[in-house]
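These are the structures, in structure tokens.
Heads up, the next two complexes both have subunit A, just with different partners, subunit B and then subunit C.
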Partner chain A sequence: MTAVRRLATVLAAPLLAFVVAGVVTSLILLMAGDSVSRFWDALFRMPDARNFVNIINNSVVLYLSGLAAAICFRMKLFNIGVEGQYRVAVFAAAVFAGQAWLPGYLNTAVAVLVAMLVGALWAGIAGLLRATRGVSEVISTIMLNSIAGTLVAYLLRQVGERRGETMTTTPLPRDSWVGGIPLIPGEASKVYGFAVLAVLAGVAYWLILNRTRFGFELRATGASQPAALASGVDVKRMVVMAMLLSGAVAGLVGMPLLFGTDHAYASTFQSGIGFTGIAVALLGRNHPIGIALGAIVFSFLIEQSNVLDIVAQVSPDVVVVTQGVIVMSVVIAYEVVRRYRNTAEQRGVARSMGGPSGKQETEGVVA
Partner chain B sequence: MRRTVKITVALAAASLIATSCAQGDEGPEATQASEDICETAEGDGPQIGLAYDVGGRGDQSFNDSAYEGLKQAVEELDATCTEAEAGPGENDATREERLRTLADEGFDPIIGVGFIYSVAAQNVAKEPDYRDVNFAVVDGFAEAPNVANLVFAAQEGSFLVGAAAALKTEVGHVGFVGGVDGPLIQSFEAGFVAGVEEVDPSIQIDIKYLTQNQDEAVKGFENPPGGRAAANGMYESGADIVYHAAGKSGLGVFQAVESAGDGHWAIGVDSDQYKTVGQSQKPYILTSMLKRVDVGVQEYIKAVVEGDAPSGFVTYDLSSDGVGYSTTGGFVDDIAEQLDEYKQQIIDGGIKVPDTP
Partner chain C sequence: MTVAPPSETLAPAAIAPPPRAARRGRIWLWLLSALVLVSLVRVLTGAHELTSSGTLRQALIAAIPIAMAGLGGLWSERTGIINIGLEGMMILGALGAGYFTYYYGIWIGLLGALLFGAIGGLIHALATVTFGVDHIVSGVAITIMATGVAAFLAEAYFSGLPGGGPTQSPTLDTPPTITVPGVSDWLLEVQSRHWFLVSDVASAMRALVWEMSVVTLLAVALVIGSGWLLWRTRFGLRLRSCGESPSAAETLGVNVYLYKFVAVTASGGFAGLGGAYLVLVASSGYQNGIVGGRGYIGLAANIFGNWRPGGLFMGSTLFGYTEGLHLRPGSGLSIHALLLLVAICLLVLAALQVRRAQMVPGAVSFVASVGFFAWFMLSDEIPADFTGMTPFVTTILVLALASQRLRVPATIGMSYRRGQAG
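Right, the complex of A and B next:
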């Protein structure tokens, strides 16, 4: 009985969220004068095999970005800077790997380390500013994003070569490319080989946060800074460490794209992954499995936006709005369910204790 | 505390809905039924697919020009069509998927509007399922037998409006506002500067790009306030003519010239912008550099229908009237002779216009 009930409360929030998101999206479509039924028909049109591959590939990238953001979120550090961090990192890795100083996969491996290092350093700037000068990481990471974009654009002009109307770094040597995994038989498009990297990062995230002292201290700092400080956690050091770690994971974000499809950093390299990652982390509630689900939901919507646009004549803007609505609904639904559960528990405790005196205590425990 | 949370959530939700309405409304407004040939076309001719980059139609310049070509082709050939638009933050895989979806829905030819579709078109065109589909990319650099790159010698047209600016300036000071600083827009700058210097090397030229960052297309090409600020700066520092190559951001340049008042001019780009600006701005549009994307799109569709689909690079330059300058408004009539002389020299090869600054 209690197991069923627990499952119900676990499932209640996401279900509520998606129902609310569906209703709100339909209302928006109505107001925009688009066809609601065509939207839902097209949205849930069975994707082709190649679309599944695209969804997985996009999820891999978004997952890494979500993880990077989640590391800091667990500590209540709002790292908005994944966008800039992955950008400088992938650019550095592309320039390094393009030189082909090392043979084959050694080149790949070192380039990935370069990306993690550069990402960590870039994030570390914000961490240091926060720890030593008390500069809000929200402000500094937003500014660092802007600086990263301009810096990379400038450097690309210095070291890049022209290809058509774009600038690009020297393409990677072919033996450093990371081949795809033929996940669906008979389908030409393949899943990024670096999908493995995302899985490993997810496992490492879970292990570090839940099975190490560092992870415990990080979560403790997130739960209550004064309490963590009182129990001997060096909060300043934790801020810097969390930013470095987050930046290192952010450095991985561009790797599947760089080694799997693009094989160079060009001025058309995908942008915005860092911002989407924030939403994905929120959607997944910073849980390694939750983030994966969030990444899949977002990738699914992105993949279907073409069908929506071409078949149902729904503007891709509506898809972006839908993503936003889903995130909002999830945040709100979890809050609603949490409160419902709180009052239910309070009532339960109050009943068993025969008075309203238990109320204060349970509130504290649950929160 | 709880109340503030509640209020914040409510406010956030309200603003989200409000902005989404605004966004959603933009669609039908920008693509009114009478304005939207693809909603009404019902011929049994070819099915044409057009794919834009972020922003799509409504820039009164590049994308609208492509649409104009599509419209003419549809009317002429009894065709049907559809338009697709990119979302923010895409990669080549997403763009490829857009082209495939169009092809799967039976559209052929498929035209990508903007060089951003080059790699995607090249990849899709080589896939076994799509080898028989005809693709074109405006400003493209794709290499596949069934892809045509419709490229424009923008520097040649820019040279002529540069010469016009040099001949018309009263103070010896002109300006250039570019969208995104990259090879594409630099060819506009290079041509403009060469044109000005051909007439009078002592003229001062202010150059400003709205962004250096090539993936900030929105900041570069969808940013009228930025265009207005850049142009304002130039007029205030003494320039009297400003040429823009900044897509929709150019609309801000026109606002700036209007508030700068008499004695100031702006030069449009891509389409004949005198025709699309408001009445109050018309007196300030000296001329426009024409990049006939419409002609390119229309001719390409016609060629495909006639079974004569081009491949590789199809260049539109002064000699084929693929680029040029507009005369609507009559403000350059007095210097038309000189401009035509320059034009002839470029066509004859007497003047070589650089495409990089």
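Right, the complex of A and C next:
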């Protein structure tokens, strides 16, 4: 296959998905009797400097969440529990850092480690249950999400303090805050300092998966569990390790928010990042750069939707539909492209073998 | 060299499965002992809410949406398609019920919910069967879409209606209920005497004859009907064969794709009805977030019930019971009494395990039992948060303890392409 054709098949799926998402979103707007053209004008207006910074910041958070999900996806393990893992982790980190036992950035660094540890442990429960008792990680992580939500709410009432309507943990000492990066000159809002951490996490993800034995075994288990088992991979250990690693990265998800803007964990802490992260990982096909692009697309949609009700009299919720349709159509499109590639390859092989029987013999492989 | 006596390894297979009647008898025995146990705990602790007809009625109302989602899971997973999009399909059903009931009345509302849920199911079938997308991925995507669609359309439909708003529908009519007049009062009288066992039976019966919603009866009929359809008819055999061995089914002329499509679409319809029940019976209107994870609990109830209608209904009532108890006044006290119940159950389990010479699990159960007993003695109430957690913790525990005994449909989660049979 030529390079151009290969690039075309890689890009075809996401492009197709965006077109489908656009059509479906427009249809839903029509159903509700809203103005379709005004919606698209509002969605694709030029973001100003502040929106731009917001998009980057949200991408950072979504990127970490996507990475966490992707680690498990590479192994065909479905960690639906990033949502619960980051909530438990950020709460633990907020409580720890709020005590200010350590000075300055040391406090920050240890708090980040606490978050990773707690996230890993929370995910590890599901990993252990899967490895030792054969409990589906999908069900257990979903249950753990709900338990995490209630547990954190309960603990917050035990250790937190009341501020007006919300409960909040002790605010972090000012010297542990992580300042922003003034990316755009003259703009007051800054990019999270933790953006650097996200980039590092992406690089580490790529290195571990593609340049280490652990990563190879992880991908091998994902590609074919029996084959991995036969070549000496301890699959059960891999399940636990992958969950732990995924949970540790999930622990990082809340860090930019905690140290960059919120400076405490309150009952109003942003939720839903874990679920969006799953979508982002799927959109980016678990590739470190793909996930980054997916995160940017999703944060763009979220940021641009904020003014929809003012500019176009359309409820911002419609963008959630767009996101869902993007995910659904992108996975379908990937599957269609994969099948197309398979048949193309087989046809190529059949032609080079020079016999009409070639196609018939390979038919089983298509399936 | 020692050779294990063959009789020992063959023993489990050699024992014939108990005949249906004996199995049924054992289930009744278990139910009866459960009733005696709960009644005993109630009398000992004085937590009369444990089996009051109010609690049991709430429990039933909480159980039905879970059972409907579980039924959806049953239909879909029996053909091998995992459906974690049930949550999304329930959300769609809830919205459909809200919209159609407001404009056209309850019965059209239920149909609308069925339709909306079925649309979600159809999308799932299209993605997983036709395109071979991973079942979990498709389910997640459907739930995201459904959340967005429901929130968006709720704002479009309900804003500006009297009593409605951007996130909730106006108050809707409630489906008719059935009360057997004389009997229910008399049973209440018996219940309020707090007699051992007698009052518990009376309140259980009263929960069934007092303000029983017709939709509840409909739902129970659907569970029983599904059991009959899936296990007693040719259609059901073919449907289940698609989940056990699709290639074998195909060689016998079963249209596997069609059966999977039908089952997954029906699955969405059931989930949609579950959403409608939440909107119409459990509360009096649609609001965003009303489903609150019940789709997932339904899926868990289905696993808990070993992919069988009776089992999933029992699982749903168990989860529904903790939720129902949670909603009643003085729930801290009654949930606290449940600790004693759990302690006794674990003790019985420990005894059974020791008798079967399973020493280590027996010891673990015993220690856990002592732990729960100590917790019961040393505390007066349980924080409300923990009671809300109960269904989720129970699910995990049950799966951890029983997952080895569950019998999963053989090709669950796998994608099947036509022509694989060769």
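Keep in mind that, in the parts below, the second predicted complex is superposed on the first by the 354 of 367 C-alpha atoms of A that agree within 3 Å, B and C clash if a C-alpha of one lies under 4 Å from a C-alpha of the other, contacts with A are read in each partner's own complex, and residues count from 1 in each chain.
Following the convention adopted for this analysis, a residue touches a chain if its C-beta (ideal position, glycine included) is under 8 Å from a C-beta of that chain, and two chains touch if they have at least 3 such contacts.
Treat the numbers as computed from the prediction; the structure is a model and nothing was measured.
Peer 1: Identify the partner contact of A:78: answer first if only subunit B is touched, second if only subunit C is, both if each is, neither if none is.
Peer 2: second
Peer 1: Does the superposition put A:34 against subunit B (first), subunit C (second), both, or neither?
Peer 2: A:34: touches subunit B and subunit C.
Peer 1: Check the residue A:16 against both partner chains and state whether it touches subunit B (first), subunit C (second), both, or neither.
Peer 2: neither
Peer 1: Mind working out whether A:159 is in touch with subunit B, subunit C, both or neither, as first, second, both or neither?
Peer 2: Touch partners of A:159: none, neither subunit B nor subunit C.
Peer 1: Contacts for A:102 in the overlay, against subunit B (first) and subunit C (second): which applies, first, second, both or neither?
Peer 2: Neither partner.
Peer 1: Kindly classify A:183 by the partners it touches after superposition: subunit B alone (first), subunit C alone (second), both, or neither?
Peer 2: In the superposition, A:183 touches no partner, neither subunit B nor subunit C.
Peer 1: Under the stated touch criterion, which partner chain does A:257 make contact with: subunit B (first), subunit C (second), both, or neither?
Peer 2: It touches subunit B, and subunit C stays clear.
Peer 1: When the two structures are overlaid on chain A, which partner does A:144 contact: first (subunit B), second (subunit C), both, or neither?
Peer 2: second
Peer 1: Check the residue A:208 against both partner chains and state whether it touches subunit B (first), subunit C (second), both, or neither.
Peer 2: Touch partners of A:208: none, neither subunit B nor subunit C.
Peer 1: Starting from the residues of subunit A touching subunit B, keep only those that also touch subunit C in the other complex, and list them.
Peer 2: After superposing on chain A, subunit A residues 28, 31-34, 150, 153-154, 275, 315, 317-321, 324-325, 328, 331-332, 335 contact both subunit B and subunit C.
Peer 1: Can you list the residues on subunit A that touch subunit C in the complex?
Peer 2: These residues of subunit A touch subunit C: 28, 31-34, 78, 80, 129, 133-136, 138-140, 142-144, 146-147, 150-151, 153-154, 275, 278-279, 282, 315, 317-325, 327-328, 331-332, 335-336, 339, 363-364, 366-367.
Peer 1: Which part of subunit B faces subunit A closely enough to touch in the complex?
Peer 2: On the subunit B side, the touching residues are 5, 9, 12-13, 16-17, 20-21, 23-28, 49, 82, 84-94, 97-98, 100-102, 105, 115-116, 118-119, 127, 139-141, 181-184, 212-216.
Peer 1: Can you tell me which positions in subunit A touch subunit B when the two form their complex?
Peer 2: Listed in rising order, the residues are 24, 27-29, 31-34, 50-51, 54, 57-58, 149-150, 152-154, 156-157, 162-167, 188, 257, 261-262, 267-273, 275-276, 302-303, 305-307, 309-311, 313, 315-321, 324-325, 328, 331-332, 335.
Peer 1: Quick check: in the complex, which residue numbers of subunit C touch subunit A?
Peer 2: On the subunit C side, the touching residues are 82, 84, 123, 127, 131-134, 136-138, 140-149, 151-153, 155-157, 166, 293, 296, 299-300, 303, 383, 385-386, 388-389, 392-393, 395-396, 399-401, 403-404, 417, 419-420, 422.
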